[in-house]
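Chains here go by letter, A, B and C, matching the order in which they are written, and residues are numbered from 1 within each.
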Amino acid sequence: MAKVIYVTGGARSGKSSYALQLAGCYAGRVFLATAEPFDGEMRNRIDRHREERGNAFYTIEEPLYVERALTSLPSGTDVVLLDCLTVWAGNLMHHAETDDAIASRVDALLEALRHPPCDMILVSNEVGMGIVPENVMARRFRDIAGTINQRVAAAATEAWLLCSGIPVRLK
Amino acid sequence: MAKVIYVTGGARSGKSSYALQLAGCYAGRVFLATAEPFDGEMRNRIDRHREERGNAFYTIEEPLYVERALTSLPSGTDVVLLDCLTVWAGNLMHHAETDDAIASRVDALLEALRHPPCDMILVSNEVGMGIVPENVMARRFRDIAGTINQRVAAAATEAWLLCSGIPVRLK
Amino acid sequence: MAKVIYVTGGARSGKSSYALQLAGCYAGRVFLATAEPFDGEMRNRIDRHREERGNAFYTIEEPLYVERALTSLPSGTDVVLLDCLTVWAGNLMHHAETDDAIASRVDALLEALRHPPCDMILVSNEVGMGIVPENVMARRFRDIAGTINQRVAAAATEAWLLCSGIPVRLK
């Protein structure tokens, strides 16, 4: 049975580093990046992160249809590190999808996680522990991201919360 | 000795669902709703939640004097689920009460929790783990809500933090 | 080997109270306050906190060069309680230092924590679990504060997260 490892935490909590460390135990590593290079600064940032990972990972960029990326992995893939679900939530909203359309995209990921092609590590963010945002879009984003977190964490075989760089086992 | 169970978490962390699940172990259930129907949208939302709970709960709406609601429960009540303390904190502020008046309302709840009429489940929110709000009202709200959380959690016999839908035992 | 105890949590989570409680086990106590009295209100607040601590602590105010304060402690100091790292992060930013200058100040603290003059208790804040701030300065602050938290927590011999007043052991 393939492992599905969920890793969450706040901004700068060390969640991506911890996910990279977990992925270090595997040979054939794929990095599934959900960040979308919508401007030059973002493109530079994505490229810099890719350089930092070096040859350790084969990188796939997929801002929306993450479950499709899982159907066309290079042979010899032992683990997929998806970073991150919260950026993916933002992409789903940004592409002006309805709640139903978003729910159906999340369903597709959940379905894929029921029979993953290899071990999976999914990074997410805790975004709901501050004051209620005044901005209605921010509140909707918080709801979508939180719902995705709950569903993926429920489907995971292992879950971690990073706090000040320290991993706390959730399940 | 009656149980006092405190359940906290961020927005969309699964705290209300977990509280409902805990309440499912009891026969005579009362839902003590602190949300105030200050407009039609809110009224609709409250009514929808009430419909979702169906016949499983007897509902009492009490935005301010929650301890009084505990003195007039229907006979056969085995558990009261109060949802939530953070909305209650907002109501206390909204009704323009002074710090002293708010503290005395919180004292009244704490006093009631020392000798609860039945098992209690109290839902709250973590609102203090984001950036310091620029808005002075939001900072005051954060202080009031945080102080209520500390006092109720200290009085509880059991406390849980929900994180991405997963309950973490605090005490 | 001296203990380095890291205590973090959200606003009004009880982290400072818990740190004071931990410090209560020591005889010679120093309070290293990082808050800067930049106006009269702040000066009053700092003085009030100092009065509340009474004679239990010898207080040193040092908004920037915290590691230097550790080299000139009064004789008989058994513990230093630094409150807090997040305010210190804000001070570093406020004094218009570059990222490199900030990193070098953090290096200096970390170096001091490798050979602390006595047991240390360092209080910090979780500030990264809300929505991404729109303000670029707030995002930079969140990054700096989060990086400091990770580095200090990694160097600590013991780490705690306060949640609704309840201490959760992180390591």
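FYI, contacts are C-beta pairs under 8 Å (C-beta built on N, C-alpha and C of every residue); 3 or more make two chains touch, one makes a residue touch a chain.
Predicted model, so just to flag it, every value in this text is computed and none were measured.
With chains as nodes and touching pairs as edges, the resulting graph is complete, every pair of chains being joined. At the interface between chain A and chain B, under half of the residue numbers appear on both sides, which makes the contact a different-residue one. Taking only C-alpha atoms, you rotate chain A by 120 degrees to land it on chain C; that is to the nearest 5.
Inter-chain spacing, taken between the CA centroids of chain A and chain B, is 32 Å. Residues of chain C found to touch two or more other chains are 10, 126-131, 142, 168.
Against chain B, the residues of chain C that register as touching in their complex are 9-14, 126-131, 133, 138, 141-142, 163-166, 168. Within the complex formed with chain C, the residues of chain B that make contact are 6, 8, 10, 124, 126-132, 142-143, 145-147, 149-154, 159, 161, 168, 170-171.
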